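Report on the following structure.
A, B, C, D, E, F and G are the chain letters, set down in written order, and residue numbers restart from 1 in every chain.
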Amino acid sequence: MGKIASTPIKPLEILRKSIDKNIMVEVRGSKLYSGVLEGYDVYMNLVIKNAQETLGQKGSNVFQRLLVRGDNVIFVSPSLGDAS
Amino acid sequence: MGKIASTPIKPLEILRKSIDKNIMVEVRGSKLYSGVLEGYDVYMNLVIKNAQETLGQKGSNVFQRLLVRGDNVIFVSPSLGDAS
Amino acid sequence: MGKIASTPIKPLEILRKSIDKNIMVEVRGSKLYSGVLEGYDVYMNLVIKNAQETLGQKGSNVFQRLLVRGDNVIFVSPSLGDAS
Amino acid sequence: MGKIASTPIKPLEILRKSIDKNIMVEVRGSKLYSGVLEGYDVYMNLVIKNAQETLGQKGSNVFQRLLVRGDNVIFVSPSLGDAS
Amino acid sequence: MGKIASTPIKPLEILRKSIDKNIMVEVRGSKLYSGVLEGYDVYMNLVIKNAQETLGQKGSNVFQRLLVRGDNVIFVSPSLGDAS
Amino acid sequence: MGKIASTPIKPLEILRKSIDKNIMVEVRGSKLYSGVLEGYDVYMNLVIKNAQETLGQKGSNVFQRLLVRGDNVIFVSPSLGDAS
Amino acid sequence: MGKIASTPIKPLEILRKSIDKNIMVEVRGSKLYSGVLEGYDVYMNLVIKNAQETLGQKGSNVFQRLLVRGDNVIFVSPSLGDAS
């Protein structure tokens, strides 16, 4: 809890900085995708490379490339070590 | 995880590049459609040719042509080998 | 999977071309309607003539004319032989 | 399935033509209302006179007048013999 | 079913005419509120005085004044004898 | 049921008049919050001081300050004795 | 319950004042995140550092950084001692 306020980060900055880096995305319906962020737009539509899908206990699929509609995004997390 | 950032991909570019190619689409309600993308618009409304529908364990239907309302799209994945 | 890209189809074109032809519509709540498309607008509100409703196993109803609110449309499929 | 395309019907025309006539409306939550359409607007908000409510097996209520919010409308069907 | 079409009623007129009169409101989540309409706006936000809440079998609460967010309104019914 | 129509109350007026007074708020997911209204905006985002949360039978939490997103508000009720 | 009305707080002010401080966020799907607020925008998209996720009884995860889409936010609570 810093006492000196730093400049707030704009949420879309997180996406810009995550290009070509690993991210994890939670999508409505309790689905998680992890892969490399290739692109995004202001609606939070995301393009993910080598996206690995995890659905609770139901195993997982891999997609060479995935366009996720922003409407369904719950959160995006840059991977450890990748975020600046 | 590239160290040199490449130009981000615009999400709708994925759709433009997938015209006449195989895609897989997940639609709300745990439904998957695979077929050839014939058209799209900025709302992510999609036109799919020879769309094969898969609903969990409930078997599948084939539609010669399908107009999917963008609102219901969760993700679009270009097929392996088709994506540039 | 054509190697030469053809002109993409605009999704609403599918509706325009389906006027006076049979369509099948899926509506939220796992309901299917089949009938003749009489009209539509940009919100995908649809007017369907002789609309037969199918709800999973619960039998079916017929409506002489049905105005379906576009918000609830999941997909529209032109019938075989009718789509150009 | 007419071979000669007729002029498409605008969806809101169905409402305009149904004024003072019987309609049936399905509302989200599997509820059906039948009564006389007294008014509407572009949001599909509807005013229904002598609206009889049917909820699956749970019996029915009658409302002298009902203002249904358009957001909740799934479909509107003009009654047989009333639609032009 | 009148044969001579009368002027359609604008839905918000129903609210304007119900000011200071009893109404019944259904809200998403199967809740009913009855009370005196004190105010409204174009979003169908409603102000209800002496609002009695009924939730299926779960008994009822009374609120001296209630501001209901329009988003959640399913229908508004003026009480018998009050509507003009 | 007054016979002389009074001036309708604008719904957001209820919020303005409730500043520094106790309110009860129902939020989607059957949650109730009671506390002192410290602020609001036109989206019905609310700032509540000493907000006590009640979730059906699941006990309750207290938050020194709570920013509730307007989207999730079902109703706001000024407390007895506080509303003018 | 103050008798002298103070100036209402603008809801987004709560976010501005919480930069670099601990917050707790409830997200649709009964999930709670606590961590340090690093950024936000007018859509209530939030950037949270060292975000600890709690899902009812299902244990918890920690994310070095999390971008939460504003659509899914139910409430934000500044931590005790941090709010001004």
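Here, a residue touches a chain if its C-beta (ideal position, glycine included) is under 8 Å from a C-beta of that chain, and two chains touch if they have at least 3 such contacts.
On a predicted model such as this, the values are computed, not experimentally measured, just so you know.
Looking at chain A and chain F, the chains in contact with each of them are G. For the pair chain D and chain F, the distance between mean C-alpha positions equals 35 Å. For chain D, the set of residues that touch two or more other chains comprises 71. Contact ring, oriented from chain C toward chain D: the chain order is C, D, E, F, G, A, B. Partner chain B is touched in their complex by these residues of chain C: 1-2, 4-6, 8-15, 24, 30, 44, 70-71, 73-78, 80, 83. Those residues of chain E lying in contact with chain F across their complex are 16, 19-22, 27-29, 36, 38-41, 45-47, 51, 63-69, 71-72, 82.
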